[in-house]
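Read from first to last, the chains carry the letters A, B, C and D; within each, the first residue is number 1.
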């Protein structure tokens, strides 16, 4: 019963097979190999974006922070949701890579930025020399709360940013999960909705440790700047073929979408099992593969003692919260075992 | 005929097999998995250093820059050879990670720092508030010139640093090649010689893209700082098991030393073939797997036209230079083909 | 009618006289002059802190940002009020000087941090490697809202910080105004209340452009680090005697307190004049020399057209806001003229 | 006998008088005052540069580092003389302000960059993604060795930089001394010779602590970037009128040139007195107000014991070196006293 994170899952056999196939003879280093070239072509097709540029890095934190540094100067503001991964879970990486930009929080229910709040927050930022200046918008899809933005929502938010002259970055650590949750195409969810740069996450959806940064409309100067930033940050891996091979296999025959569909289906199955229980509340809608249940105090001991692994959250007023994440590898037996364990959890005495 | 770099070589089958073996069920992310724990134990044994701490990252640039940032404040000087990788080939990564430390160049023949020059350079640095302060020493073994330091040489240089209160970092992108070239043990080449932190390179010696940072005598506070720096730089990979598995397989049965021995042997075979040619001069002693031949102008066209791949260097006064690197995968046929091609190179007309 | 800021005021004659007196013969540069030495002795006496260290810089932004950089690592959190000068009015200087620390906002009424909110905010920061770590607390007295903290309030907040192991910085751009508003002694308002570093503001209280950074309990290593940071930031002025001379004259015979008393008295006179008007609301208590009136829409045009200078704020629902600041040089005639102008302002028609 | 530095001298009475005159009533802060506007007009006239932009800061280190940060990205190289102030005497300020650019040393006799060495050094920098990229050239006039560049020399060097697409910064901490030494006009020494940004030093030539950064051909975007960088670095002083007033008085009636002429004349008088002594060698030509004598070991004790103040340099092979700097305030009696003291110095016994 492993619900810690989707990055705890193993790698699908087809991805491993692709590594083996790539392991043949010498190849030019630093992304000058044939597989990396093939990947760019493939991503352009998948995103219907013939001018897209693609760069691979090993972590989502690197993908996000390098992207934001390319979009926002040191004296700029990056507008993000108050609970975005970039501001809560990256130990200040965006601040490091941007040389000190400020992450300005925008509220919104269930992990989604509220459009009016975004408009107000941007409007009151950067009014003078004394303030940090308006820099960029970053969205996350799937959000930290496990909800998703529709392409229309992204379009609305990116449009607000653009009305102030700001570009939009999309943190797609779980981009495939968002696609299958909404039925949107890659293009609809990104450049057609006004996204300038995408962090396309592979690691949480079956890869060893690969994320693609996809630029949809950047100038050659901007791309070269990104390449220098990536090298300077130690994120230009020499043996690029082994990264590209993984992503190619993952995009082949829609494997990435199949994996995401399995992960989301597991999330929904788990949510369905919990939704029927009066003692359990789901704090956010379950749109993909992340759940935030709240249950009676004492259950953590019962569940973790029974072998369930997940991140426990706050405890307050007799209630505990938790985060559960499913992956492509989560099986029905695992879900059933967890729900059985839940069924045996001690109920609080009536008041 | 691929002599571009040892990072152009493929991965040995045993490393791929280890990846497959690691790919089983869920594992805790961010280095809390069993393989990462096993790796630390194994490195401690290999280095005879029961207190060593080990952290994995994906590139040598990250390993070096994170190490130096841990040793040297923003206002400090990192003493390095004038042609060290950290100052010439990392696009300013040490400056980025240290927040602006200065790399102070120390001369020395054939890529090796001259002890007296080191003493003088440190002595005249940091004499007042107006100067950058003395920070750390970094050495490279195998050096950029393809030569090696003996443990005694490292001990002498690290001793000079220590006499000024400075720690020593060793960039061991080709550490295994240096070990087999000198016959030294891992312990002799590092902590017994005064090295505080080692960048233990795996990528250029058969791994997919894995380097280990090994601390020999750091406090818990220093190690925690390193962990924060690594996370903040996007270099904490979530699926740590796939990195650890590679390094474990590589250390198993001395695979790393066998690979390095093969690479060095290929280098020596190539050097032996070139050494007999009057038109060719080797600019540096060939201690490991890197050669710097100088030959008549015009040969680049002949050799590259004939299918040889390598980095050409400067052209001056009718002579061309080149860098040739061999790897564990360089075969005798490849060397023979290159030497045959050389044998057919046009000789300059006598004056 | 100049209420833009207290930094728009001229310099008192005694400060100019001190400059003239200091202008005699050569003096060692970089703070090694006699006046700088005398200043340290004087500050120690005034603050009853025989071990205090004192450093002069030219701006409050430098004083704050250098102090925070000394207290908080790049991966740390600086806890500050949501509207603190450091986060709203310094164009990201703390982020620049700290190399990317995060300013974490703590709410509280009228510019004062709420103790419980501080406790909660610190508690939920830095729980793991993935978050920025707890760094330091910074308070502002007089606050941005024109209110003051009592020594007891500072003691409570610094105590909360200390209970988490965190140091406290006090931004005293208007420190003298806070002293005379509360009747506290310099010692009571700082080290006796748990303050570790004070930005002692001179510029807004009569000096040309001088702020003192006062350390109450720092180690020699910490002080040396501060000196290097100051130099490296271009904030070590060579002709230190001209800065020290100003601060010495300002501390002499309590000139600084007299100036602050005059400024505060002008603020209270202005507040008293406005308080009686039904069309005007004061948004915050007027504890010192800053007022935030709210009045009917349209008054900005009337007042600014009539020659009043100040920063206008938001306009909402038929009301306008403004910030008015008085200084030691604000005269009764200026206040009277402004109130007369107010008295002639157009009243909105009754609904 | 005070030859420590020209920043040890007092302020000329006319500059103090200007401060007093400026001290009248309120003035808008942050450079929006009338004197600052007048200064820009005046600098444009003096430099025959109707589009020049002028910004004031308090130190030369700030002027230089802010200028270089505006010209050179974090991954760039700043080409400077091996002994330039920016690389030897600013504790890494350029690295701090540029976020880690690399200062690449160019040799040359007597503090002046050698043109061919500059061409070669730029040519071999930035050849690939792995290196820091070419950023900017910075020159110093008067040089650190006390020599000067003629406008033609500056033009040649800036031309080499421009041929690689690089801008040129001029560190003019002693700009007026260079002007009077060469007889060049401000325009000839700067934009007519290809200089893009000038650090115009006032502090070492009579001002309290004021340097002007002068842009000759910058875009509005670049100027706004500079303004943000200055604010963010804490170098935007609120009471700008007191800085502007000083520079205006200094430019009035060529006061700045008169002061520099006096300083240089004192330097030449001192040099003439030393040049006649067989025991003394002047290590560099004395073009302005800085001398580097070499004399017999033991003289430091004699001279410093006799009341002379200066920076002693290296001691080697029975010889001592020193740096002597004269200022506008150095009087004939001071020079005579020093030469008298020299005349009584102990001569080494003949071998």
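Here, a residue touches a chain if its C-beta (ideal position, glycine included) is under 8 Å from a C-beta of that chain, and two chains touch if they have at least 3 such contacts.
What you are looking at is a predicted structure, and each value in this text was computed from that prediction instead of being measured.
Common neighbours of chain A and chain D under the contact definition above: B, C.
Placing every chain at the mean of its C-alpha atoms, the farthest one from chain C is found to be B. One simple way to say how far apart two chains are is to compare their mean CA positions; for chain A and chain B this gives 34 Å. The mean-CA centres of chain B and chain D are about 41 angstrom from one another, to the nearest whole unit. Per-chain Cα centroids separate chain B from chain C by 51 Å. The set of chain A residues touching two or more other chains comprises 74-75, 90-92, 96, 99, 129-130, 133, 228, 231-232, 236. Residues 74-75, 87-92, 95-96, 98-103, 129-133 of chain C are the ones touching chain A in the complex. The residues of chain A lying in touch with chain B in their complex are 2, 4-5, 7-11, 16, 19-20, 23-29, 57-59, 61-63, 65-66, 90-93, 96-97, 203-204, 208-209, 228, 231-239, 242-243, 309, 329. Within the complex formed with chain C, the residues of chain B that make contact are 30, 73-75, 99, 129-130, 133, 225, 227-229, 231-232, 236.
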